[in-house]
């Protein structure tokens, strides 16, 4: 039995409503159709998944259509599982097209992205231009630890597209799920395939140019950044990072790991480690390091506020509020002892809700997340001191 | 009316002389023929301009030919404008060839580059191998703020080819003139085109590999470096940088921005920010930062002298003279307080024209541009001190 | 006269034995068949050599076959030379195949790599799919300074494949032997060829994308890393580096030069300069610099022990033992004065064979290679101090 061609939007609503009455029905957190790259040797290994369009807490009517169409094809969606993956075939796509019928006339380049995906993929398969076994319908119903490559990629997309907040998703075990592969441009190649073909490829002069070997692809392999975002070297931003419009990532010593990024225009010339987040208008100076949960911060993710400056080659292991300055070359870690005069403590307390009690030295962690701190090393006696920051950090408008 | 075929070099000289008598005639600062990359969606947007040969304060006879040929084609060159751009067509090229007639026989690979350009482009268009609308004749008559992509590129070429001195050109507003584009290798792609085609490209597995997203191309996209120059990673040098023969740019934490660079053999393992210049024989250690006018130096561009060593992870915000050393890991900024003994002050004064008066501590800015300073931090008390540098820094000859 | 088809393995052994009785016969240290890239303009310049399989202190029977086959072709191998290079031709390959006859039936993908090379190359040449003048048989008989590009590449392969120990090979003068070339992916291009063709290439829009200009290729151009090794940016590891399984090279400020690398799983976010070696389980933090023999250590190569942590933006110019910590942002050079209390000296002596005598301060070089040191800068008075390290550094198992 198959879905009848739906004639009106009213009918479509009814169709969706009736679908959602399936026992145990649940709206997916995320869903979409992915093209997968399979292993060259091990065809059952998925090396990468590309989402032409990702739905994340949205378009639940389309989800219902996908679920109904899968059911019609005998593929029962299990709502109690955290994630579900199905192969795509022409029959499934045809069911979807029949369901979307009342909307087909109004599809333009900028709307109905899911319908565009369905129709375009149908035409590709229909013309035998692609292999239908390379496509998957993917659902996430629960934000559990991901079990499949497709699910990891969907979460990385959600983060990098800005549809999910940084640190909001469960990525436990993602490293174990993904294959370590050689990347030639944006094409993943199994290391075992390279080994099996090394002699032939090298003798023929056809050994591929390998740009990286990693479990993760690069951000720019999958994501089109905002118009005013700049990434001067694609290797510097891992897929799963999030970059707000106006962010510039310079090629010197910078790096933004997955599940880390920026909340506004930020100049990035240093490292934003996994789980670190930098606020609007801040400047991560050349070679500056924001320590990540995977190293150096005892698992506390570091947030940097707005209009804060990390000087060149500085290191920050504590959270910083707005309008802070860490001078070039100094390191502020959780255990660093920092001297502040009573006068400066009073000024600092004036601009913070949390009040410091007066004492001679503070540990870095006690100053965590405060606004308006300026950290410097007194070059006459080596003391690390903090003052009330005198200047507000503003980015050069021409550059962002 | 068209240019007659010129028969002798004498006749050519007269032709040039008569052309320069056009009312308001002015020799261009720079001129040349560019191939332009247009927007894939917005065909009137210029994304990049490539100069097969750039004339800069030279070859004024050729400029006169170009101007006369344009006039013959009804394209009046406006000498009072700071820059002028015209489309190329076969008729223009033919006029040029007739004017260059007395030189055609003596063209070899190494000479008469402009004639080579004209003849080769004529043959390409004549054989319909290229689209003539992709070529421009570009003139700069005044070094004003650039108004066109072609003019910005011409200035970047002049800097990167070493035909114009670093910091000598007006690049105000260049960021506003250039489009932010995705670069797949050296091919610029409009972000909007990627967006409009994302679904098709991803479903087909044809999404392009993007290496960077930036307004500027990379130096190596356009410039062939000197034989003994090395750039281990093209992302590390922006177009508009200038690298003298013998310069090596390592791939660790290095970066050379536009309008910055080296004046001789220099080992670059750190950052040379916009407007910073490093002298012959100097060594910018791993992760060292030379602050730029766009960040950290209050707009004062930093010059580093000859045979000066910036230690690994050091930061320099002041100008340094010849034979200086900044020890690894320390930061010398304009406001850094530096202690020098009277004995060392005397030794320093011996090798400098500018004499320091004796006092206990100096601000970094007071020591700006002096020769023979060695900056270190006393690791027993944290003091930043300066001494007369005892060693002359020489580069490893094998490496440069 | 040519080699007769050998029928049995016994006969093969005799054949090898008789070959080794040639006057002056010597087993080669290394040998193999290389495909070479020649200069586009200067066809006699070798720009790169790719070894489909490298023999290093192994497979001496195969070496004897190659030597006998060359002799049959009138190419006398000179055993007194440190290196020898011969062109490959069909006749040579045929001789080899006849000698290997008793093994041909048992060749599979995973064994008899040399026979695979010989047979595959024979078939390529036989079918005119490649030019036989692009192949070389290369021998190294003495570890002298390399004289040819092929010999330098063979040594770099031996290091990068882990077949030779780091620092064990003579690479003196390698920089002088190699050509400085432009690399478009893994294809080397003569700079002079680019110059000679610049006008045509740029006008046609066919100017190649240049990724680097260097004498050395990248590690990933030639080497397939172990399954659990990650290199997030190919520019970060030069050919000739050695990376043990489990090593991760991040893209921020990292770099591993030739003749440098890791002995086990290591997180590399900083610079491992030429001749520096890092032990298993250690962590080279973001932007950390291990100084190399070419800069900063007076020619003493630096070894880092196991489970040692170099903090972000730290600099190390001395050897470190096991379980050491250098705090973020500090520099420990040979001349750095380090304060240690008597109590801590005793604890340090407890875990080291070499005992420190009690004194107030030590120079960095005096603490070289000791285990269990923790270096920090006291942020209340600027003193660089050492303590007995309290924690053993372990890598995050998920990541390696």
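We just call them A, B and C in the order they show up, numbering each chain from 1.
Heads up, the rule we're going with is that contacts are C-beta pairs under 8 Å (C-beta built on N, C-alpha and C of every residue); 3 or more make two chains touch, one makes a residue touch a chain.
Remember, it's a predicted structure, so these values are computed and weren't measured experimentally.
How short can a chain-to-chain path be from chain A to chain C, counted in steps between touching chains?
Contact-graph shortest path, chain A to chain C, evaluates to 1.
Can you check whether chain B and chain C touch via the same residue numbers (shared by over half) or via different ones?
Homomeric contact, different residues on each side for the most part.
Just how far, in Å, is the C-alpha centre of chain C from the one of chain B?
35
Specify, in ascending order, the residues of chain A that touch 2 or more different other chains.
Those would be 233, 235, 252-253, 287, 313, 329-330, 377, 381-383.
Can you list the residues on chain C that touch chain A in the complex?
Checking each residue of chain C against chain A gives 35, 37, 50-53, 109, 113, 116-117, 120-121, 124, 129-130, 134-135, 185-187, 220-222, 224-225, 227-235, 250-253, 267, 269, 283, 285-287, 311-313, 327-330, 377-383, 396, 398-399.
Please name which positions on chain B make contact with chain A in the complex.
These residues of chain B touch chain A: 173, 175-176, 180, 182, 191, 194-196, 198-200, 202-205, 207-215, 233, 235-236, 238, 252-255, 271, 273, 287, 289, 291, 294-296, 313-315, 317, 329-331, 333, 336-339, 361, 377, 381-384.
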